[in-house]
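Next come two complexes built around chain A: one with chain B, the other with chain C.
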Partner chain A sequence: MPEYKGMAQPVKATVEDLKKLRLVPVPDEKKVEEAIRLLDEARKKFRSFVLAMESCVKCGLCAENCHAYLGTRDPHNIPTNRAELIRKVYKRYFTLEGRWFGKLVGAEDLTLDTLEQWYSYFYQCTECRRCGSVCPFGIDTCEVTMIARQILYWLGMVPKLHVGGGWGIERVGNQTNVAKPAIVDTLEFLSEEIKDEFGVDVRFPVDEEADILYVPSSADYMLNPYTLMGAAMFFTYIGAKWTIPSFMSEAGNFGLLFDQRHLMRHLFMRLHDSAVNLGVKKIVWGECGHGWRAWKMYLPYFVDRPLRWEITHLHDEVAYYIRTNQLKLDPTRNSQPVTLHDPCNYVRACSPAGPYGHTENMRTIIRAVTVDFREMYPNREKNFCCGGGSAVLFDDPEMYQKRIQFSQTKADQIRATGVGKDGNGILCAPCSICKAQFYPMVEEHELGVTVHGLIDLVGKALVWK
Partner chain B sequence: MASINVNGVEIEIDEDGFIQDPDKWNEDVAKFLAKGEGVEEMGDDHWKVVNYLRDYYLKFQIAPMIRKLCKETGFSLKYIYELFPSGPAKGACKIAGLPKPTGCV
Partner chain C sequence: MAYFIVQILPYIAVTIFGLGLLFRLVRWAGARLLGTSHEITLAPFPQSPFQAGWVFLREIAFFRNVFFFDPSLWVGAWPMHMALFMVLGGHAVGFYFTGHQFVYIGMSPELSEYMSNLLGSVFGLVLLLGLIYLLVRKVSLVKTRQVSNPSDYLHLIFLIAIVTVGDIMRYFPQYGMHYEEVYEYFKALILLQPVPEFVFHNWFFITHMLLVQCLMIYFPFSKLLHLFGMFAMRWIENRVHIDPEPGLPGVDVAAARARGTGLPSAGGTA
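Take a look at the complex of A and B:
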């Protein structure tokens, strides 16, 4: 089933799936021609792509820095080799030596098989950018993956999982397909849970006029109750007038991962319109790595109108309140050993450096709300991916096995901290994709930890008057 | 598209075995799907989970938060995994005729 000539592939979206996004797949006999045309368009538009195509000297530094290669030892998962799947085609059609000397200079005709190879390997890259951060030439292979995935999508080759999320975005404003009645029902349930567990009255205002627009990840409505609870408890504690928008109910943005041109912008405008309609002064982002990258780094350039609001991450807000001593916290309520997984998109893709940047802010928070915090190594911007980045969260057997391999390096890092030695450790992974990847992976690798967000731990540590 | 035949009725399923038209679901369909998820016999506790998921879905067009499922059925997540070895989302939801979960789950 999801395999093509020995290559593992995620289950593809069907023609009917694609129709929901009004995408007509290109027929097989025209795919090659169309792919070359789109590649030509991409190289004229993106200098980052041309840099990746023309500058690599094959020094190989990226190999041992990629969790996908370390976990699978599949040579095509070496970042430069992955890019080579496109580079050989680029050479063939867009360089003089490739046109004249072909295979002699490593140029190759594009075929349907090559496209299937792209589909397999560009969905084994998690867009974590660790290879980009070590490349002496600054080649960011993530950019190559993004272009490959965009072209594949336009051809009609895209995972069912991603298209399902895309359809949810257009239909109800989030990838999980949670419409407003279910959002309200879930949040009312969590209000009761907070009352039962913490003895405080906390409301979740939805679509109310407010100062702060809080955008949680929609996966939180299914899997991460304490992330929603922690955020609501924090906003209530500081006395904020806040609300959750139901029209734009997604901190993530699958558009970034396969369709930046349309889907990513679609959600941007939903955010813009929600902010206008609810009259907010500030937008605060929930725990989602790839989404935060889309909103922080892409939004200002892609949205159709000038932005009038400050957009900050919830972690930056909480860290500010901790530094200014405005929160009373009892770290002994999180007394288990805890380690922090840095989501790649926070620490490598969103200008997070400096003492008050996102990377250090996460540490300011975790030190204030836990008693036994142990760093894993390497960490911060050198951290390894969870192995599920860019929603490589496929559960068909072949791809699920890959996910186990992709998370091997991370599992080794976590084990080395010793937090799970007695079976009661906490793995703090403040990003929805990381959480969704880790829930099964900590079991597969028998790590002795439970998975939590960072704001989850804040909610538990808050001391109420 | 693939399909299953339950009591002479053809029902379309996707690549992962989730039925495509939730209206075609009935208890016999559930029993049929259960066998593919490692549930040989649907006992009372299985039905309690499946019926809760089904009712919630008919009302809200989505599965409930897992914590809510546990609370409302009175079952721990561990016990739900014992009932449905492939888990609440991909096992129990499939048997209850819900569509496959999507997004970061």
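Take a look at the complex of A and C:
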């Protein structure tokens, strides 16, 4: 169902798809009643949600600060209006003014059509939190999107793409559905690639006892091999005893994006159990934006057993070794003009302020491994989303068109840096979802750049002798 | 009618205002704080309570985000709100000290009253112009029209009505009330005594009172509570967050490079 009454919608998961996650969809005639019950539950639980429902003054500041609205000019993509799709229902059922003066304050009954509208527009929000960070009151519309998606999931309205990821997580521990033999095969192949291209011997230890547990994004096995190669070369270069767990082979966490209860916790426990079984001392995270947010900000509060390991991001570690002059790097190996796309989840949801926060660490690295680095504007926590955030990576024609529109603001930013002028620019996008969005989008917008991770560039710049 | 507005309604309005605020804040507090189930800290991540306080302060005092991300909104919103605080403060201080508040910083009583009048006139006008600007903006921009409900316009129109009546009393003294008279009136109200007779003859004052009391009654149930909302929201988001130290266990880079890990001659990894 790519469209519903003129609204673009991602293809929905079927009853059979949902069965794999043991979810029974709510029948249509009961959906409204159930949605109101779940909304009531959410408002009693999440204060951030209540405040988003009750504190907005409709100043309209968020409109021009949302890439989805800038790209589509669809009024429902104005962040506060997207939240209004729920707010009008919230007012109707849970506030005095909504019950008594319905039309005046914009309160409305919930209908099946409204639920379809939620499904369309809350999967056009990329949960980038730019609206929250520019809002004078800090109203975090991402929280509203998350609650809407959770309710829709429980009703049985969820994209096929997301359920597929969820099923992969339960089955083999990663959302791309790559089982251990395929992982080992791929890694052996990458070892040979490194030998051929860089002339060094690098092994990818899988499920070995080690000091460091490295969790790469599962997309790195297939789509972003240089990121995985870069990480392995870094660990080998510094002489680390490291390993990749096959039981939890996923830096991302699709649970964050549509099921923050079972699915997100399930993956958390996989990490916990892997760390116990392999006797590691520290956990290091690969390049994945939304995943890093889930593991860094949610895991400590959600995991079902006490967490005994520090978890850091690979970027923070590499930046530390660069700052302390322990890596010999040759930036001329990345001589093309480079610009950096700040993944929203790093810079807005995860990075401490100051010179050693993730945001500045990415710059420490990129300046050390490239010769012609150009900032795009706005950058850092003011950066715009790539347009694919929260796995809005749908390939069906209607949603694909939306993705092109969502990335329009970003394309303009990249073009303004001039890195792709001669067709040899590098767009560094150190996040798996950003990469997956950019691979086709740099072609659609004809930006003259190739897409790389940050660790890709580190691997290439390492001087071994 | 006049008797009801100036003698009875104030007690009703204050009660509803107080209980309404309590109801709303308890309702917010009743929802479990998200920060206890996970962190939704939003950039910039403060590194100390002092920095977190600074984030609050710059938004409250300067409307920083509005200034940087929508300057044309700031032009109306910031002066309007600042004037509003001054006018509210001016009401409290001016009537309590009957215009002689500046005597305490060394002015003569006459000069103090003159200053009080001047500040009241200036901020009263800024407030009115700010509100009109915001209403015009709301009506004329496509994006604000798209996000607004009827009540959003009514809030502004209502505030404009209150301020207009207030400004008429300020700019045309024959329609106004002198400091001492207002002092007498409120003293009587607070002491639960009959209010002075002269109050019933000033219809501008009665209208002003009626509108303000209506505002007080609906204020706790409206978006006008956004001041409190901001504190509550930022309390969740602008939290101190410190990262763990970087540095990997069991790693000695110098030794590894001396061994030549990764180089074919060294025979592989660590």
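What we mean here is this: the second predicted complex is superposed on the first by the 463 of 465 C-alpha atoms of A that agree within 3 Å, B and C clash if a C-alpha of one lies under 4 Å from a C-alpha of the other, contacts with A are read in each partner's own complex, and residues count from 1 in each chain.
In the analysis below, contacts are C-beta pairs under 8 Å (C-beta built on N, C-alpha and C of every residue); 3 or more make two chains touch, one makes a residue touch a chain.
Keep in mind that this is a model prediction, so the values were computed, not measured.
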| item | value |
| --- | --- |
| Partner chain(s) touched by A:49 [first = chain B, second = chain C, both, neither] | second |
| Touching partner for A:247 - first (chain B), second (chain C), both, neither | neither |
| Which of chain B and chain C A:93 touches, first, second, both or neither | neither |
| First (chain B), second (chain C), both or neither touched by A:348 | second |
| Comparison of chain B and chain C by chain A residues contacted | C |
| Touching partner for A:4 - first (chain B), second (chain C), both, neither | neither |
| Touching partner for A:168 - first (chain B), second (chain C), both, neither | first |
| First, second, both or neither for A:217, with chain B first and chain C second | first |
| Partner chain(s) touched by A:193 [first = chain B, second = chain C, both, neither] | first |
| Which of chain B and chain C A:400 touches, first, second, both or neither | neither |
| Chain C-facing residues of chain A, complex | 43-52, 54-61, 63-65, 75, 78, 80-81, 84, 95-97, 101, 103-106, 129, 132-140, 143, 199-203, 205, 211-212, 233, 236-241, 281-282, 284, 297-298, 301-302, 310-312, 316-317, 319-321, 326-328, 347-349, 351-354, 356-357, 359, 380-381, 464-465 |
| Residue ranges of chain B touching chain A (in the complex, touch as defined) | 1, 14-16, 59-68, 71, 89-90, 100-105 |
| Residue numbers on chain A that touch chain B, as the complex places them | 1-2, 11, 14, 160-161, 164-165, 167-168, 174-179, 181-182, 185-186, 189, 193, 217-219, 221-223, 225, 252, 254, 288, 391, 393, 395-396, 432-433, 435-436 |
| Of chain C, residues touching chain A in the complex | 24, 27-34, 36-47, 51, 59, 63, 65-66, 68-70, 73, 77, 141, 143-144, 146-152, 154, 218, 221-223, 225-226, 229-230, 232-234, 236-238, 241-257, 259-264, 266-270 |
